[in-house]
Structure formats: C-alpha cells, structure tokens
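Please find the structures below.
Consider the two complexes below, in which chain A is the common component and chain B and chain C are the respective partners.
Let's turn to the complex of A and B:
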C-alpha cells in the first residue's frame, strides 16, 4: 500500500516481548469495546455511560465485585483445565462435561455423608476437603477418557471431550431433576442445597477458599511449566510429538496425565461455583449456562498463550464483563444478550489481534 | 517473445540484495544465465543459495536489485509470475501429490486444467516430451509407486510442459542412486541442446558440478566469490572458494583396536508404517571401536531398521543384544539410559525442537538424568552451563544458548545434535545420514567427530547414502537393498564399484566384478 511517498509493508516478526503481548491485548480490548459501542448507540444508549455502568458494577460495587470475583475464579479454573493439555498440543474443550461430573461427585460425597437428608452432618473440616477431593477425582476420571483414547488409539480428543459435554449435561439432569437422587426439596429441577454447616468460607460474598486454591494453582502450574521435568515433557510433546518420542517421552503418559489434570481442574471449577458461591450451594436449574461460561476458559487460555499467570487478569476481565454486562442489560433496558454480544465481540477481536504477535506494519519511505 | 538462440542471455540478476534481521542473505548478487548452458550455483548452507533461488522463482521479494528475464525487467509477485515467464523449478523435497497419477500431477496447476480436463490431449503432448528426452514413464502410474528418480522426472516434465525455458534445480542429485544420477545428468545435457538453461543449486557433490556444468558461480556468506568456467576449476579449488579455506578430502582413519561386540543383531525383521516389510532377516554385529557402514539409497529399509535398533519402532521378529543383554523389548528411553545414542536423519523434525532454545534442546537427552533434575525440578543453571561448554567444544555458531534451534543453520544444528548425543558418552552410536544436506565444512566436522568417538572405543553404526563417506569411514560395509543386506564387505579392501552395484541391487554383476 502506498501513501504519499511512504509504503506500508507487512513484516514477519522473529519474536515478541511480554510487554508487547500485553500492549496488543490492551489495544484489542479497547478496540472490541469500541465496536460494541455501536450496539449501545443502536439501542439509544451513550456507549460511555454504558461502559461506565458495566465497569462500576463489575469492579466497584459491593454487589458486583463478589460476583465478578466468583465468576473470574470459575473462568480461571476452566482456563487451567484448557491450558494443561494445550501445552501438550492437545485440545480439551470438555471443561463443561468435566465440571458437571466434578460437581456431581462433590455433591455425591456430601450426599453419601447424609447432607441431603439430615441437614447436619460431619464437621466441615472433614466434608469440605472430601468434597474437593471428590470434585478432583470426578473431573479427573472423566478427563481420563479422552486421555486414554488419545494416548492408546490416537482418537480425536476434540470430538471425545465435546461429546462428553452432552453426556455430562444429561447425567446432571438425571441426577437433579424430578425423581433424581440429588433432587432439591422444592422439586423444581434443582439439586439439593448444601446445609449451612458444610458451606465453604465466604468473606464479603467471595468464596475465599476456592479463590485461594485458584491463585495457588496459578503459581504451581507456572512453576510446573517453567521449572519441572514433567512440565518440560509436556511442552516438548506439545512442540513436537516426533522429537519428544525420540527423546524417550511416552505419548501415552503425556496424553493421559494432561487430560486427567485438566479434568480435575475443571472438576474443581464445578465445585467452586455450585458448591461454594453464596446463595447457590446447589446445582442450579440453569447449570447449562455455567457449562457455556466454561468455554471462556478456552479463550482465556489461548490469549494468555498458555501462561497460567497471564490468565488471571483475563479471567477477571471476563468475569467482570459477564456480571456487569448482565447488570446493564436490566438497568439500561437493553435487549437480551448484550453481555453475550460483548464477550463474543471481545473474543473475536482478541483472536484476530493474535495476528500482531506474528506480524507488524512498517512504514517505509519511497527511495 | 523473440526467438532465443544458444548463448543468448535469458536471465539476468543485477545487484540483488536481501536482508534479514542480523544477516545479509544476498549481497549485491550479479550474474547472468545463457540459453543452452548448465550454470551451477555452488555454496555452503547459509551462503544464501536458498534465498537467491526463492527470489529468482518469485517466492521472496528482494530488498534491492533487478531481475531481467529475456531482456525485460520483471517484478515477481508470486511464483505464478515466474512460471508464466518460463521459469521452472524442481524442488529438493518433491512437491507432488502421491495419491494421484503422473499425468494428473503434470496437469495440476497448468492453464489447460480448467473446468474440463482434456486428459487425452495432455497425455499425447506429455508423451511427445518424454520421447524427445528419452524418458520412459507410465503416465497412469500413481506417484507413490515411483522411485525418487522417477518422481524427479515427473517434476521436470511438469515444468517443461508448463513451458519452462529456464529450469532451476535444488540439489538435484541429493536423493538419487548412482545409476539414477547418471540418467539425470544425461537428460539435462540433452535438454540444453534445445536452448533450455539449467541452473542447479548444489551444496556438495562437487564431481557432479564438474562433470556437467559449463559455468559455476560460487556464493559465500551472501556474496559471489567466484565466477568460473568449469573447465578451469578443480574439485579442490571449488571447495576452497566455497568455504574459504582448504579442505582435505582424505580423512585419516585412525588405527583403533577393534574390541568385543557391543551390538548384536540376530535375524531382525521390521515393518514400515504401511505395514509392509521394510527390513528382513538382518543379522550383524558392531564391535568396540568399529564403524559398521550401511550403504544404500534412502528408502531401502535403513530408516525402519535404525528406528528398531533405537527402540522407536517394534521389531517384528528377531533379537537385539546390547553388551550381551537382550534389549529387544526395551523402550527408547531405557536404551538411552543404557548407553545407546541415536542421531536421527531428520534433524529438524525429530532430532531437535525448533521452538525450544538450545538449552531446552540439550535437555532432550538430560531431562531423565538425576544429576540435572532433582525432585522433578530442573537445574537450569547446570544445564545452561553444559550447553555453553558444548557450544564452544563443538564450534556451534550462535550468539548465545537461548537462541531457538530453528534459527540455527543445518550444519550448526547437526553439531548441536551430535554434541547432545555424544556428551552422554554412548557406547553405541547409531548415526542415520549424519551428513545429509550439510556443506563441505560441516560434513568434515561431523565425520571427524565420528572418528573421535571411534577412537574413544564406541561402536558406530553409520547409515549413509554417500558412497564416498561410507568408503572413507567404515571398517565393514553392508550394502542394503530392498530391506536386505546384499553382503558384508571389509571396508579396507572393498571396491567402490562393487559396493555401488550392490546397493543398486545388482548382485550378479558384483560377483563378476
């Protein structure tokens, strides 16, 4: 392209710095917000006011902030579930199914200990850790299915994890709907409610236990990938299965373990949202919406380039936009789905901007 | 277009310059090519041959300089522009669709291949071309049935049928058996009679350059360092121009005492990926301080055999003993730990991880070593230091050990792979095409390193297509053809012709010779 004596050229980049990556992401987010501004305009709302409402609710409101954080933790755990296999080059898009089974298994533990019937059961010091273990085991077992199939028979992991999402969805329906063993006392298609004695600790509406777990996991996963033998094996396999096989790394072990870990992390996300978020403490009627929300973990994982620490601010942003978006929809009388539109546009723009990780425009003077 | 006569300038490059970050790949390259000549472009890896070739074929845009084709200034936007002007290219890696027939491949991308294919007309025209150059090929054969030489023939036909007047060939002889090479040289000489200019780009195999070309242009570090009439050049002088110093073509084979057997292979058979027999009933042994050479053109079962010995492929039958212990069922990792080192033929796809730094690449052979990994945590400082030491010891040209492997040239990457494998002090080294694609300087380095390991008492299994290399290095030679050893000959006294004939499958002839 030629402009007044200058040529605009596209150049391939050899590498990019972390600072550049952050800059590109910030510009992308600004650009996405600019685009969604047209939706606000079309609905007769000043975009500046719309965004102000979203962000104040999401990040500076005593009702909004806890909601944002709880959702961010959920999205963060989902993105870890995606990140671990993707570093091995394997695609886990079954976070929804894995978190359903994780939640079912956590509620199953409580159920087995009598939480549904008697109300008062064992000490929370016993039940809560057992529920967490249950969520990890439940999610991990479901993760093991694509892991084994991939490792042994080289089955397409995307198809398997995707299909397990549907299975998970209907198993949950079977368990909590009318006549199901986990049916709530109201019988309105929700799961039973955890008795107050075994609800996880909550501070100002935020589930602090699972928040702490998620943040610790971020650091642990970061160390796993950068410092450890197992992390090295995962990354080597992700970059080149042929070369890592030559180096003696077992493809089965990598596929199996990354999917088990991924599934376990998604299972934790299930426990976190359904088991610990205040005023929920049950598998709700609209549990499918949370399965959908888990997909933001994929975007989060892709944009953070598989870096679990970089996923934290992204998860916070996504969490904030879902809570704030839903809020302004009601407050400003926008049409249904503005929050989904916002996240959708944001995702597409962020993915499109990945282009700038590889290329740059240069302006050259015509000689 | 005006009529072209023998000796007319058909392609001219003036001041071609291409810069990449930190490197000038082509520095003011000037040369011209005349109708009816074979004009060889010679240079080491990294001398800028590939860049120049891409520019002439429209794959890359030069930063500066002009190209004239048939006297007209051109500006290639893509290879299509170059093809339309009569420039054809025969790539080193074949660009054919193996499930399609020869004819379908030739027609692919041709302007005749519109919505309706006129196969009959095309077949007749291609046949005429074949007759003109004495090619015998079944146009309806599927490409995957063909030998490397035949595939190359298809690529040449494709370019000619598309109207090529200038044929660029990238390492044309690299995958061919000696008889196929001869056939190729014959035909390209025949083709130049019809005013066709042929421009082979060649790294090594200097004798070929000398035998067919009329003129040679030598590149070194992006610059033209010599323009010669081939008649005035010798193998020695060309090699010197290429690498800027004298090369000794005679390796000194050290006198090493051959010790007890390290590797014993008993009646081993291996299947390939398609589940066909790749190697059948092979038995041999490699002893301490011995280089056992397997000579053969690629695709005769050497690769599956090497993989089976390395534990990367299951042996269908037979036994493998390492230091008198049965290792047939051991995984590759267990074999590395026992002291087997494997240098794979695909250095980029298998031998290294392009997106990893050199330090991380070295870890490929150290991540399982408890001296470098404690409690699952990698000792980053230690492995980095070892990388630095090996970079120095092996003369790897790199600014620092954090460079990604993909940014190393072929020769430097191979040095790094050798450094990684040899630093584990293996008792047995399986070297699969260790000098393939390397320039003369790097090749000499690799061969000397193999000899050093031999001196240190390791047993070496050398698999090579290069007859000169096999003859120069091996203590014993097994020519391999269609999955079988044709014979096992003593290295010192074997005749070059005999080995060449055996690896081409001529058992009878060899016996008479």
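Let's turn to the complex of A and C:
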C-alpha cells in the first residue's frame, strides 16, 4: 500500500518484546470490550454506564470484591491447567472435566472421613490437606488420560479432553442427583454441604488458603519454565517436537507429565470453588456454570503467552468481568449470559490479534 | 425397536451433515476444530429466524448463511492472515458458545411451530444427507473441482505451480464447510429437537469432528460412522429398553463420549494407521505461504 511517498509493508517478526506483548494484549482486550459495548447499546444500555457498573461492583463494592477474588483464583488455576500443556504445544481444553473430578475426589475424601453425617465434627488440620491431595490426584488422573493417549498413540488431545468434559459433567450429576452418594440432605440436586469444622479459612469473604496456594503456584510454575531442565524440555518440545526428539526429549514424558500437572491444577480449581468459597462449600446445582467459567483459563493462558505471572492480573480482570457481568445483568435487565458473550468476543478478538504477534507494519520511504 | 432406529437415523443426519462439511474443508487442507461453534450459530440463528418469521425455509437459509459466514471468518484468519488453524478453530468454538448463549436466551423454550413432515418417521434431511454424501463423494473423487480441492490439501505448492488458485480453492472449500455446519445446527434446532436451551448441542459438534478423523476423509465411511453414533446416542438416552438397571441414567449419558475416545484411540494406533492411514491430506493444518 502506498501513502504519500511511503510504502506500508507487512513484515514477519522474528520475536517480540515483553512490552510489545503487553501493548498488543491491552489493545486486544480494550477492543473486545468496545465490541461488547454494542451489545449494551442493542439492549438499550449506555455502554459507559454498563462498564462503570461492572467495574465498580467488581473492584469497589464490599460484596463484589470477594466474589471477584474468589473467581480470579478459580480462573488463575484454570489458566495454569491450560498453560502447562500449551507451553509444550498441547491443547488442554478439559479444565472443566478435570475440575469436576478434582471436586468429586475432594468431596469423596471428606465423605470417606464421615463429613456427610449431620453434625459431624472433624479436624480441619487433617481433612483439609487430604481434600487438597484428593483434588490434585482426581484432576491429575483425568489429565493423565489425554496425556497417555497423546504420548503413546498421538490421539487428538482436543477431542479427548472435550469428551472428558462431558463425561465429567454427567458423572457429577450421577453423584449429586437422584439419590447419588454425595446428594445433599435437601435432596434438590445439590451435593452435600461440608460441615463447619472443615470449611477452609475465610477472611472478609475471600478463601485465603487457596488464594495463597494459587499465588505460590504462579511463582513455582514461573521457576519451572525459566529455571529448570524439565521446563526447558517442555518449551523446546513446544517449539519443535521433531527437533527436541533428536535432542533426546521423550514425547511421551512431555505429553504425560504436562497433562497430569495441568489436570492436577484444574482439580485444585474445583476444590477451591466448591470446597472453600463461603456460602458454597458444596457442589452446587449449577456446577456446569463453573465448568464454563474455566474456559476463561484458555483466554487468560493465551493472552499471557503462557507466562504464569502475567496470568495473575488477567485472571483478576476476568474474575471482575464475570462477577460484575452477572451483577449488571440483573441490575440493568439484560438477558442472560452477558459474561458468556464477553467470553466469546474476547476469544475471537484475541485470535485475530495473534496476527500482530507474528507480523508488524513497517513504513518505508520510497527511494 | 422401529422407533429407536428412526430416531437414531434422524440423529445421525446431523452428525453426517456437519462431518461432511468438515471433510471438504480438511480435504482442502484446512482443519476447523470449531465445528461445535459453527453449529451453535446455525442452530441459534436458524431457530430465532424461524421463530420470529414463522418460516422454516428462512430459518434454514439463515442457519446456512451464518455457517457460511463463520466459514469465511475461519478462511480469512487462517488463509489470508496465516493464523494457526487450531487456535482459530478454538476461537470459533468459544465465540459460538459464548455469543449464542447470550443471543438465544430471550428465545429459550420450544419453537412452537408445526413439526416438519416426515417420511415414515424419517426426517427429509436424512434423505438430503444421503444425497449430499453421494454428491460430495462424486465431486471430490470424480470431478475436476474435486481434484483441485484435494490437490491444495495434499501439496499446495505443486498445485499452485500447475495453475490452481490455492487461496481461492481453499476459501470456497472452507466457506462451504461452514455452511454445512450451520445447516447441521439448524437441522438440530428446527427439526430434530426444536427447543432452544443454553449450549443445546452438548458436544455433537466435537463428536462430528472426531467422526472425520474416523472416516479416513471418505464421505461413505463418515456416513456409516454417523449412523453408528446416532444409534449410540439413542441408547444413551433410553438405556432401559436395552440394559435396564445397570447404571444410572446419568452414567449412560457418558456412553457416546467414552466410545468416541475409544474409537479415536484405535484409529491412532500404529496397527490401524499403517493399514488405512494413508488418506490423511498431506498439508492438513499447515498454512500456505506463497513466496
């Protein structure tokens, strides 16, 4: 394209700086929010007021803020579950299934220790750590399925993880509905409630134990990728599976371990939301909504370019957008699912903006 | 029993139409893992248009049109912008899932129109799927067009040298592919189960995608796979008539998904691929860049 003596050319980028990545991401998110503004307009709401309501509820309201943080921790753990395999070029979109099985496993541990008996008093020092281990093992085992299949047979991991999402969805229904073993005493299709003695510590409505775990994990994963041999192998494999095989990296080991770690992290997300968030402490009737929310982990993981530390502010933003979105939906009489619309628009805009990570526009003076 | 087979064949229609679309796209070298997203768009837009205008014809046309538009979007991102096909497909799926949840919810509930007439219980779309299977097989393997489509999927550089417009061929294949997915979604929401609810397809698009890998990119094998899965789906919905009192009805619902995984694994074993694996389009998933 020619412009007044200059030629506008597309050039392929060899690499991009951290600052460039941040800039592109910020513009992408802003553009997605701009597009969702049209949804507000169409619903007869001034977009500026819509966003103001979302952000004030999410980040400056005593009810909204704890909700935002609890959701952010959930989205952060889901992003980690996505990030670990994607650094090796493998797609884990099975966070939903893995978190369902993680939650079932955690509640299974509590159940085995007698938590469902009414009036049970259990030691939190024993049961809470065991529930966390249960969530990690449950999620990790489900993550191992696509890992083994990918590593051993090169089976398409996208389809396998998606199938496991649906399998997990129905297994939870089996466990908590119609006389399932984890059914609550109310019998209304919800799981049993954890007794007060083993509810995780809460400060001002925020589940602090799982918040701390998620932040520590962010640092650990960052160290894993940047400072360890295994992290290097993951990245090398993601860069070129063929070349890394020549370098002696086992494709089976990479696929298996990244998916087990991813599954375990998603399992923790399941324990976090269903097991520790106040007023919940049970697998709720609408557990499927949280499986859907885990898909924000994909977006968060993609925007952060697989950097677990960069995922923290993004998770906080998306946690706020979903909690605030739910709130304005009721307040401004929008139809159901504004947070879902945002999820979809963010994803496609992000995909479009991938282009700018690979190409740059260059202006050259005509000689 | 008759009832069961009718219902199964009607279900298989949807797997077949969506899968046929994906076969054409993949034959041209472009994979779209967002089948479910394109189908959700076809189902939701088709449902809304039919419900508001009272016309089935407009509903189906709208479903096809939105599917084609999604195909165009995928083509633009992957062919023109050289985007990663998997990333874009994921984008289409999440866009479809998220946006249709919002767009469709004011219309949630039954369609409230007279049912589309059947032929002995079979949907007319079942016969349409049979015809489409034959036509797509014929075009792909017996015509000049088909040769073009397959050659841009096998080796685009050679195709370009021999005078085929790779970009244009891929564009049309992917747009057609999207239109078929949109139609499949519309058939689900207007004919098979005319009730809109959130995320109504519950994985049908992903099963259709798995069927394409299973089909060896051959329309006839795809059709047989679709019939198998139509039947499996019906078994999972009405297990009592086959094997009563074994699992809860919820556990039965996992059945088609478990079988999908098992079949995919068999397909990807060395034993299988060394015998029948040669059909995979050579350039599938790779962006084509002219230099």
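By our rule, the second predicted complex is superposed on the first by the 352 of 367 C-alpha atoms of A that agree within 3 Å, B and C clash if a C-alpha of one lies under 4 Å from a C-alpha of the other, contacts with A are read in each partner's own complex, and residues count from 1 in each chain.
Simple rule for what comes next: a contact is a pair of C-beta atoms (placed from the backbone, for glycine too) under 8 Å apart; a residue touches a chain by one contact, two chains touch by 3 or more.
Not measured: the values here are computed from a predicted model.
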Review point. Taking the superposition as given, does A:232 touch the first partner, chain B, the second, chain C, both, or neither?
Key: first
Point to revise | Of chain C and chain B, partner touching more chain A residues | key: C
Practice item. Considering only touches as defined above, state whether A:246 meets chain B (first), chain C (second), both or neither. Key: first
Review point. Touching chain A in the complex: which residues of chain B?
Key: 21, 310, 312, 331-333, 336, 342, 344, 346, 349-356, 360, 363-365, 367-368, 373, 376-378, 380
Review point. What part of chain A is in contact with chain B in the complex they form?
Key: 14, 227-230, 232-233, 235-236, 239-240, 242-250
Review point. Which bits of chain C are touching chain A when the two form their complex?
Key: 33, 73, 77, 81-84, 86-88, 90-92, 94-99, 101-103, 105-106, 198-199, 202-203, 206, 209-210, 213, 248, 250-251, 253-254, 257-258, 260-261, 264-265, 267-270
Check your understanding: Where on chain A does chain C make contact in their complex?
Key -> 39, 91, 93, 145, 149, 153-156, 158-160, 162-167, 170-171, 173-174, 177-178, 180, 292, 295, 298-299, 302, 335-338, 340-345, 347-348, 350-352, 354-355, 358
